[in-house]
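Which chain is which? They are A, B, C and D, in the order written, and residues in each are numbered from 1.
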Amino acid sequence: MSLSADLCLRMYRDMWRIRVFEEEASRQTGLGTVQGALHMYCGEEAVAVGVCANLRPDDYLLGTHRSHGHCLAKGAEMDRMMAELFGKAEGSCGGKGGSMHIADLSLNILGANGIVAGGIGPATGTGLATKIRGTDQVSVCFFGDGASARGTFHEGLLFGSLWKLPVIYVCENNQYQQWVARKNVAVVDSVADMAASYAMPGVSVDGQDVTAVYAAAGEAVERARSGGGPTLIEARTYRFHGHSLGDRQEYRSEAEVEHWRQNRDPIKLLAAYMRERQWLGDREDAEIQSAVNAEVEASVAYAHGCTDPSPEAVTADVLDTAWRVTQ
Amino acid sequence: MRTMTFRDALREALHEEMARDESVFVIGEDVVAHGGPYAVTQGIKERFPNRIFETPIAEAGIVGAGVGAALAGMRPVVEIMYLDFITCAMDEVVNQAAKMRYMTGGQASVPMVIRLPCGVGRLLAAQHSQIMESWFMHVPGLQVVVPSTPHDAKGLLKTAVRSPDPVLFFEYKRLYVAEGPVPEDEYVIEFGKADIKREGEDATVIAIGPMVQKALEAGIALEDDGFDIEVVDPRTLSPLDVDTICASVAKTGRAVICEEDSSFAGSGAEIAATIAERCFHDLQAPVVRVGSPHVPMPFAAPLVDRVVPGVAQVADAVRRVME
Amino acid sequence: MRTMTFRDALREALHEEMARDESVFVIGEDVVAHGGPYAVTQGIKERFPNRIFETPIAEAGIVGAGVGAALAGMRPVVEIMYLDFITCAMDEVVNQAAKMRYMTGGQASVPMVIRLPCGVGRLLAAQHSQIMESWFMHVPGLQVVVPSTPHDAKGLLKTAVRSPDPVLFFEYKRLYVAEGPVPEDEYVIEFGKADIKREGEDATVIAIGPMVQKALEAGIALEDDGFDIEVVDPRTLSPLDVDTICASVAKTGRAVICEEDSSFAGSGAEIAATIAERCFHDLQAPVVRVGSPHVPMPFAAPLVDRVVPGVAQVADAVRRVME
Amino acid sequence: MSLSADLCLRMYRDMWRIRVFEEEASRQTGLGTVQGALHMYCGEEAVAVGVCANLRPDDYLLGTHRSHGHCLAKGAEMDRMMAELFGKAEGSCGGKGGSMHIADLSLNILGANGIVAGGIGPATGTGLATKIRGTDQVSVCFFGDGASARGTFHEGLLFGSLWKLPVIYVCENNQYQQWVARKNVAVVDSVADMAASYAMPGVSVDGQDVTAVYAAAGEAVERARSGGGPTLIEARTYRFHGHSLGDRQEYRSEAEVEHWRQNRDPIKLLAAYMRERQWLGDREDAEIQSAVNAEVEASVAYAHGCTDPSPEAVTADVLDTAWRVTQ
C-alpha cells in the first residue's frame, strides 16, 4: 500500500474543493440565494475523498443528507451542484432535488438521500444488479452512525452478506446524530463491531486520516471487485459545523469543536503528511487553494447565470410520459 | 381461445418477460419453494436459475434491493407475500422508488414491479387481508394496476414489467383460481385504458378487481328488473382513465362505484369525486359507492361475509340509483 | 383573550396533560435537545424528567414501543420528526396500533398519539414535505386530527391524549408560528365535530389545516365579488363530521373542498364523494376540489409556489362554483 | 438451580396440553370446524413452557403466528381458545382474531401476531411502561429465527438495551422459516450471537430440554426483574409439522423430521428425566394424559356449544365508541 504524491495531491485538492464549496454554499445561504437546509460535511472530507479515490466512474455511489462531499469526490460537476443549491433549472436535478437529493446518474451517483439509512437497501440492490449481470462494478453506500440504528441497516447488510454482493458500507461515525451525542442513544461504541452479526468484515479507521481511509477502502474495493463480498467500514470522524445551519450545538462544547478543528482537521493532517515528504510546498499549496477558490467562485457565477425552472417543470418527471408500451 | 387461471396467466406473463428481457428478475420470500404461496413464480428457478432470489424475511430489504437494482438498470419483480407486509417497506416504496425520478430531475428511472397478493383469501383475519389501493394512488410517481381477469392479468403484468416507473400490482387472492380466455399470441395492455366489460344504457358500474365479476353477475340479475348496466373496469387506478368513466356516466346518467376495500377514503372515493366534479350535469341520481364497512377484516366466516361486498350489494346499489 | 402561537398552544396542551395524568409520556428523536425541530416538547425534560425519551433513529422502534407502552396502560405521545418518516413505521401504525382492539375482540386499547409535523416548511423537497392524511383515514381503528388554529391545536391535542384509541395528529409546519386566541381556562374539543370558521350563504368551502386560513382570506376577497362563503373546518378527518358538512352544503348548494396535499385520492376525495352521495339534490354546481398537483414536492421556491395551493386558487374555485 | 418434581410435573402436563390441543385443532381443521391457517407448535413446547413457568400472571407476553403454545403456557383458557379457532362469539377474541391473534389481556397476554417480528417493538414498549411506572413486571417476547432478519428485531433490541428494560427476547430457532431452511437465508448460525450488537447477554439453549429452557429463562427473568436489563435467549428447537397445515415440506426430509420426533421430542425427554428420578410412573403418566385429553375434548364440546358472532359484532370494537372526552 503505497500512496503516490500525485494521488495525495489529488486527494488534497478534492478535500479543499469540498471544504470551500460548502463554506461558500453556507455563505450563499446567509445571502438567501441558497434555501433549504445545508448539512455541512466540513471536517469529514477525508472519508468521501479517501473512499472515492478508489472508485471508477461506473461504480455506484449512494449518499445521505450530508452528501456534498460524496458527490464532489465521485466527480459530480461543481457548477451544476451549486446551481442545484440555487434551485436552478441547470442544477444537477433541475432544481427539484436541492441539497439532500443531488445526483448524477451519468457517474452512477444515484443520489443523496433525505431518509437516514434510506440508501443502504438501494445500494445493496445495485450490488445485486452487478452480481446478476456479472460485471465488476462496486457499490459504495455512505451513512452516518445514527443510521446504524435503523432496521434498513440491519436488513441491507444481511442481504449484502447473504449474496456476497460487491458493496462497501461506509459508516461515517461523527459521534453525533442530529442534536444528540451518539453515546446517549447507542449501546455499542464501534459500528464496525456490528459487522459480526452479518458475517462480514468490519473495520474501523481514523476518518481524519485520508491515507488510512484510502487504504481501508482500497482493500474493501479490491475484495468486492474480485467477488469477495461486502465490507463494513467505520470511519471515525467529526463534523465541524452543527447538524445543519442554524444548529445552536448545545449538545457539545466549543472547546471540543475547537480541538478537532485545530488538531484533527483532515486537510491539515494531509498537508502535514505531504509537507513532511516534500510533496507539498507553500507555492503548490497556495496554487491549489487559489485554483479551488476560483472554481468555487466560478460555480457561484454559473449559478447566478442560470434560470429558474419553468412553470411546466413542476409536473414533468413524475413518470416517464414519453413511454408507451410496445409489443 | 384457450382458457387458463388468473394465476397461470400471471406466471405465463412472468416467464415470457423473463425470456424476452435478461434484466428481469424475481425477488421475494419463499418465491422458489412453492413458487410463493400462490405459486405464481413456479418454474422460474428451473428456467432462470440466476434470476430469482429467495430472501430473508425483511420486506424493507427486499423493496430496497429492488429500488437499487432498478436504478442500476435491472427490472425487478418483487413479490410481497401478503399486501399487508408492504407496510414494512413503505419508505422504500414512497420516499425512494416513487420520488427518485422527480428528485433527480428526470435522471433516474425505477422500473420495478411490486406484486401484492391482497384481499381476503382463506380466513386469515386483519393482518393478512388488506387492500389499500388508495394509499398508492395518492403517491405521485407510482402506478397502480388492478387486473380483474386472467386476460387482463397477463397483459397488464407484461406492461408493468416493461414500464420505466414503479408499478404496484394488486392480485386479489380470491381471483387466482378464476378462469378465463387468454390469447396464445403475445399482447400487452396499455396503462390508463379502462375496459368496458359490459355495455349498457341505464347505469354505469365502475368496478375494481373482484368487483368486476360481481358487477357482471349483478348485471344479469338486474335484467329482470329491466335495468341494463354498463360495467367499467378501470384496470389501472393510477393512471385513471377518467375519460372512459365520464363518457359512460354521460351516457347512462348514473354511477355506482364498487370496490372490495373499505370505501372510506378508498380508491372509489377518488372515482366518485371525479364524477362529482366532471359529470354533474349528466348525473340523474346521486353517486353510490359499494365497499366494505370501515372495519379491519375479522376472522370468523359469518363476519367476513358481512364485510366483503357481494353481488347483492351491487344490485341493490344499482336499484337505488335507478329510483 | 390571550393570544399565542400554534406551537405554544401544543406545548401547553402537552404540559397540562402530563401534569394531569402520570401515564402520559413523550418519545421521539431529538425531543429533548431543542424540544424537537419545532420546539413543541420544550421544557418537558425539566418538568417531567422521567417521562420523556430521546431515541435512536428508528421510527419502527419508536412507534412499536409506543404501541406496547399503550397496551400496558401508558399514554405515549410519539413525535415523528417529519411525517415522511412514518413510512418507516407503517406496520406498527396500521397492523399493530390500529387493529389491536378489533383483533382482540375489544380487549385491547392503544391510547397513543402520533404527532406528525407535515407539509412544506423550509424548502426541504420531496422527502420532508408530505401530508398523507388520506392514508390514515383509510385505516379503520385510527383517528385523524388536523387542527388549523392555536385554539383547536390545544383542545384537540388534549382530547387526543385522552383518547383510548390511536390518534394521528397532523401539525402543518407552516402553522407553528400562526398566532391566535387561546382561552386560559382548560378546554377540550370533541372529535368528529366540524367547526364553522365563517358563516355564509353562497358556497361552502370545506378547508383542511392551513387551507382554513387561506379560505378565510379568500372569503374576504370574495366579498368584492358579492359572494358570501361559509368555511367549514372538519378538524378531525376520521371521524368525519358528515352532518355538519352536508348541512352547510344543503344551505349553500355549492361545495369547494380545499386541502394542501395532492387531491388525487387525497382526504378531499372522501369529502367530495360523500357530498356527491348525500347532497345530490342540494347541489347547484359541481363539487370542486382545490389541492396540489399530483407531484412530489420540488425544491426550488418557484416550483414550490406552484404546488402549494394559495388564496387565489380557493377564490377562483369559489367563482367557478358560483357561475 | 434445582427443579422440583412438582414443577416438572406441571411443565410436563402443560406440554401435553399444548400438544393435544393442537393435534385436536388440526383434526378440527380437517373437519372444517376450524378455518384459516394453523401454525402448529408441536415439537417446540418446551420453549413456551420452560419460559412461562418463570412468569407471574401480571408479566407481559407477546407472541407470533405460532402462539397456541405461548398462550396456553401463560395460562390462557383452553375452552375460549378452541372457541376462538371455531370463530365463536365466546372465543378469546370474540371470533375476530382467530389463531394468529389470540390474546387474553386479563393475563397480560397481549396477543399472538401475524406479522413476523411484529411483537418485538411492542414488547419493548411494555418494558418501557414497566420502567416508567417502577413496577417489577417482566415482558417476554417470542419470535422465530426468521424474525431476526427484520429491522424491528434490530430496533427493538437496541431500545431494550439502551433503556435497560425488563424484557426477555426469546428466539425460537427451529431452523426453518416458511418453506426455506434458515441456513439458506441466514449468514450466522446462532441468533444468540447477535446480542453482542446490542450489548446484551445472549444465550443459546437446547429448546427441546425444558429444564434447560427453564433455567436460562429463570436467570433472564431474575435479571430483568431486578433491574439488570434485557436478555436474548435463543432456543434451538424444531417444528414437527409443516409451516402451516397443508405444507408439503419439500424443503426437508422425512427422515430428519422422524429423527426429531423420535429422539428430540421435548415431552419424551422430560418424561425420561422424571422417570429416571422416579417422579413419574406409568400410572401418573396415564392420568396426566387422560386428564389432558379430557380437557381438550371438553374444549371442543365447549366450542361446539358456542354461538356465532352476531352481525352487529362486525362493526363493534373498531374504536371505543363509549368513550367521550371529558374535561
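Please note the rule applied: a contact is a pair of C-beta atoms (placed from the backbone, for glycine too) under 8 Å apart; a residue touches a chain by one contact, two chains touch by 3 or more.
Quick caveat, the model's predicted, so the values are computed rather than measured.
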Those chains which touch subunit D and also touch subunit A: B, C
Intersection of contact partners for subunit A and subunit B: C, D
Chain located farthest away, centre of subunit C as origin (C-alpha): D
Geometric centre distance via CA averages, subunit C-subunit A, whole Å: 36
Centre-of-Cα separation between subunit C and subunit B, whole angstrom: 30
Subunit C-subunit D separation of Cα centroids, rounded to whole Å: 40
Shared interface positions of subunit B, touching two or more other chains: 55-56, 58, 60-61, 84-85, 88, 91, 95, 102-103, 125-127, 140-141, 294-296, 298
Touching two or more other chains - residue numbers and ranges from subunit D: 93, 95-97, 101, 113-115, 118, 149-152, 154-155, 158, 162, 185-186, 318
Sites on subunit A touched by subunit B in the complex: 60, 62, 91-97, 101, 103-106, 108, 110-111, 113-115, 118, 120-130, 132-133, 139, 151-152, 154-156, 158-159, 162-163, 316-320, 323-327
Parts of subunit D lying in touch with subunit A, wherever the complex brings them together: 149-155, 158, 161-162, 185-188, 193-194, 196-200
Residues of subunit B defined as touching subunit A within the complex: 25, 27, 50-51, 53, 55-56, 58, 60-61, 63-74, 76, 91-92, 95-96, 100-109, 140-141, 143, 159, 162-165, 186-191
In the complex, subunit D residues that touch subunit B: 35-37, 84, 87-88, 93, 95-98, 100-101, 113-118, 146-147, 149-152, 177-180, 184-186, 248, 250-251, 308-309, 311, 313-315, 318
Interfacial residue positions of subunit B with respect to subunit C in the complex: 84-85, 87-88, 90-91, 93-95, 98-99, 102-103, 125-127, 130, 132, 134-135, 137-138, 140-141, 238, 261-262, 264-270, 272-273, 275-278, 280-281, 283, 285-289, 294-296, 298
